[in-house]
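Chain naming follows the written order as A, B, C and D, and within any one chain the residues start at number 1.
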Amino acid sequence: MSTAPDSAPSSPFTGVVPPVVTPLTEDGAVDTASLERLVGHLLEGGVHGLFALGSSGETAYLTPDQQQTVLETVTGAAAGQVPVLAGAIEPTTNRVVERARVAAKAGADAIVATAPFYTRTHVTELGPHFRQIAGSVELPLLAYDVPVCVHTKLAPATVLSLAAEGVLAGVKDSSGDDVGFRQLVLGSRELPGFAALTGHEVVVDGMLLGGADGVVPGLGNVDPRGYVRLYEAARRGDWAAAKAEQDRLARLFALVDAVEPGTASGTTGGIGGFKTALALRGVIRTPAVSPPMRAHTEPETARVRTCLEEAGLL
Amino acid sequence: MSTAPDSAPSSPFTGVVPPVVTPLTEDGAVDTASLERLVGHLLEGGVHGLFALGSSGETAYLTPDQQQTVLETVTGAAAGQVPVLAGAIEPTTNRVVERARVAAKAGADAIVATAPFYTRTHVTELGPHFRQIAGSVELPLLAYDVPVCVHTKLAPATVLSLAAEGVLAGVKDSSGDDVGFRQLVLGSRELPGFAALTGHEVVVDGMLLGGADGVVPGLGNVDPRGYVRLYEAARRGDWAAAKAEQDRLARLFALVDAVEPGTASGTTGGIGGFKTALALRGVIRTPAVSPPMRAHTEPETARVRTCLEEAGLL
Amino acid sequence: MSTAPDSAPSSPFTGVVPPVVTPLTEDGAVDTASLERLVGHLLEGGVHGLFALGSSGETAYLTPDQQQTVLETVTGAAAGQVPVLAGAIEPTTNRVVERARVAAKAGADAIVATAPFYTRTHVTELGPHFRQIAGSVELPLLAYDVPVCVHTKLAPATVLSLAAEGVLAGVKDSSGDDVGFRQLVLGSRELPGFAALTGHEVVVDGMLLGGADGVVPGLGNVDPRGYVRLYEAARRGDWAAAKAEQDRLARLFALVDAVEPGTASGTTGGIGGFKTALALRGVIRTPAVSPPMRAHTEPETARVRTCLEEAGLL
Amino acid sequence: MSTAPDSAPSSPFTGVVPPVVTPLTEDGAVDTASLERLVGHLLEGGVHGLFALGSSGETAYLTPDQQQTVLETVTGAAAGQVPVLAGAIEPTTNRVVERARVAAKAGADAIVATAPFYTRTHVTELGPHFRQIAGSVELPLLAYDVPVCVHTKLAPATVLSLAAEGVLAGVKDSSGDDVGFRQLVLGSRELPGFAALTGHEVVVDGMLLGGADGVVPGLGNVDPRGYVRLYEAARRGDWAAAKAEQDRLARLFALVDAVEPGTASGTTGGIGGFKTALALRGVIRTPAVSPPMRAHTEPETARVRTCLEEAGLL
């Protein structure tokens, strides 16, 4: 909605684009059958795109071979019905390029890459980093702004400058910097085809009101229909309906807090929570997560079940 | 708007509550005449409350005597027309209590206090801290969640628990954690009289849509009427108008970036920018700021002037 | 020892300079009788200076009146036998100046000030900040580099430049940046009279080997003689003896970990631990600490007692 | 030197163990001929071990294939003369295991692994992480404590507990927490064979005095003989000689600051500085670094040359 709210957005990467979780078997392999069911569940929910190999997809936990399996499974199951964005999440430029090329071969429609991590990144390195990635594959490149993981914030001015240059086709914003995101949205109005996507699943109504083009909600794995309803209400200007749907989803989001405080990472609470919910809903076979994360205990699983029941999803 | 949007909010601390800047003379004294004019300007703009001695009010730069002068001037000029919230921003409990008692004598209607700072604060100390402050003055206490200054984030659960206990009457949220703020708003629905105020002046439309009770915009010093229009549009459910007003204000907010990059703190850009704009508008006499901040240069002042002209405020 | 190890250091602020803790009565007043006993205990221990109103002195917890009482008590009890450094720890320049002037009147021999805090400090503000403080009192000024409290690190180049300019007479380094400290020591060799003091009480042997002029050990409140022995061994080049003494003191330092994990701040563990040890040793009357810190429980006190017994101090 | 200084250390991983930089050709391939010359240069310098694929080795910038090439080249060139430690630096457990198995096949003598990164790691995940890695290869495992890269600090208690359990054979400490390192050294005295290695190349004298078993100095690529002299002086208790050598090396370390301030990352200054110095010394063919880092400019190269000349290394 960077453009006027009643005109069609010109980016192909808009609407509800869930970061697809990666189902695993009990022994840690990618559970491709479950992943195919999950993609079907999301498409039936009406989502507008799929983001494979994002943070919620456990990309940082998967070996290169596993990543390739995930991506081929998702593009195969999506079968061109919606665009598939592929994370190429690696510490530095050359390694991102290597993953991006694999993704292009596997049929991805766009690449999503972060700032460098592990290394101490300097602001002057961001341009060369994204330019080199964009120059190495024939796919649109979206920047993934996730300082909680990479410890570098992408300034709106940096993103807008790279977008004007043709390097970036959009941003997936998980920065928590709502002020910066608003400035990005305002600044991108003259950049046709730029997609400003928010990763903050509990404030989507306000973000859409402010002009976001779409949302990448981890919780959208669990309730894709809810996010689609929210997005459609916003598209038609029914903000009261959008807000009511968002409030319902914000309550459902409590399932990420099912883990006993002080006993697991936030990542475990989130990814493990989504997977536990999906297993309870029968979409995936097991809620197994990658080490060193741990599985939800029985009482924690019961809390997730309660959240689903209260939301009418079980 | 924690309650249903069409019912009257039950907290007295709602709507547009600007954090009043503190005009100074060239030699660093509080310019009480300018401060009185500023309060008049804000009241004419239709604001619903005044927050004296907040971060934008340079509270951390003012000596105890100067703080008392500021507060007496603001309460005197407000003359009971709107409630006056007073910051009692000090590193630890006893020192906050000392400032809070002075504020109570000076006629403040509520106290605003942060988590302890300078010290390494532990989460178990937050309850005792706020309880002891609340128990020391006969005024409502609002928590000021500003991790960028105090380096402790107030978890929604902590705030809600202290609110349920009767310790906290509200929160002024400058945390940038939009997810946490939404959870706070949702969680406070059963707490009549709790005020959830956002300090993020460029996303007020979305925050009000999400249920915020009010806004504490530094930029509201410069354009109080704009924020009042935005708030009133939201109150009547005209979200398109609210968004349009917010977009205009978000562009005006660019005046905080008038300082030459790399030559001054963000605080200088913000507070100095607001003061420069107020001086250009003729509300205060000089844009002087406290050391170690520096004054805007001529080219920087010219940039602020351009922002004001583009917004139709000059 | 910035100069050759066998020449006399030319700064008056060298050797063992404990940051004096502030004994309190059960109702939170400064316990001046205990404070006088503590100063006597330190002087008998052979310390070379006293640092009043530092972090360990709970300066951030004391009201202005309490700070004045502390300082007058310490300078009175020291009676000119050793220099007294006074912390003027306030968020911004003008407030530091106000405290520094009170300290000068109370008989302090030097002022110790940090970078600004609470505010978002920019590197360009550090020069004006320290210059204005130094220009406001007729006392030597030492910079207190304590990023864990003020969230700004003083770069060696900044400190050295201000020292060459005559603004800074030394630094009290609690930054944990041992590389930066070494660079500071190396860089200050051509600055006669500059004092490089380390606040890291468990690595004093290595710091003295590297050229530190002195140490400001919180643990020195509890065992001043130990630190004096360590310093004297280093002065005469007996590094094996210095290391053995440091190892003993490093084991004693475990008393700061007597608090139950997850139930109190590190500050409580440290200051409360020192005070509990001093009360057990009969130097001060009670181990009371300021709110929102809490007192040590009985089991925690027993752990401190064990540390003292193992070190032969009970 | 966890054991008495005059007894032989029982760990095979002690002394001077430089983190070997990875020479590249102008087009970004691993320059194996230069790498072989570099290993020869280090062995001639008398080093006691080699750490391949560490941060200084640009491990985060190298693709899996490049990493394998580096390791095979280093082990081949070392030819069993000294132990080769191999970094297996990947975001999460399974990926570290994959790299560790490749390293074992390539002939490494030990694996070095960090805490997880990119993910939000919880303290409860550290045990499972290191246990699973240790259980997957038949090689000793050292923990690499580098919070500036992975944003998790390994607490001494955690490391010591895993060492007592047989999971960890040592630690490479680049945390800058000199207090924690001392506690680790003290605590590991009863753990025969545990190696406490410091990565802080400018405070090695003090670290060895405090009981460190060895040092992993990036600067040791440039001047291996200097670090060997320093280590040997410490071994024979000649601390004045150790300090003099360290001071010389600390001045040489200024070569990492040759890059124009504000124009490159600290990593570029460090790794690029070491490589530029090695190219100037004729050890490697080009100073090329991986993207998004940039090469040193001519003036920057001239500054590195001056550092080398002043140290008598050119």
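Assume a residue touches a chain if its C-beta (ideal position, glycine included) is under 8 Å from a C-beta of that chain, and two chains touch if they have at least 3 such contacts.
Remember, predicted model here, so these are calculated numbers, not experimental data.
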Chain labels contacting chain B and also chain C: none
Inter-chain centre distance, chain A versus chain D - centres from mean C-alpha coordinates, in Å: 36
CA centroid of chain A to CA centroid of chain B, Å: 34
Separation of chain B from chain D, taking each centre as the mean of its C-alpha atoms, in whole Å: 49
Shared-contact residues (touching 2 or more other chains) in chain C: none
Chain contact topology (line, ring, star, complete or other): ring
Footprint of chain B on chain A - complex, ascending: 5, 176-179, 182-183, 186, 200, 202-203, 205-207, 209-211, 237, 239-240, 242-243, 246-247, 250-251
Residues of chain A that touch chain D when the two form their complex: 28, 60-64, 89, 91-95, 98, 116-122, 124-126, 128-129, 132, 148-151, 263-268, 290-294
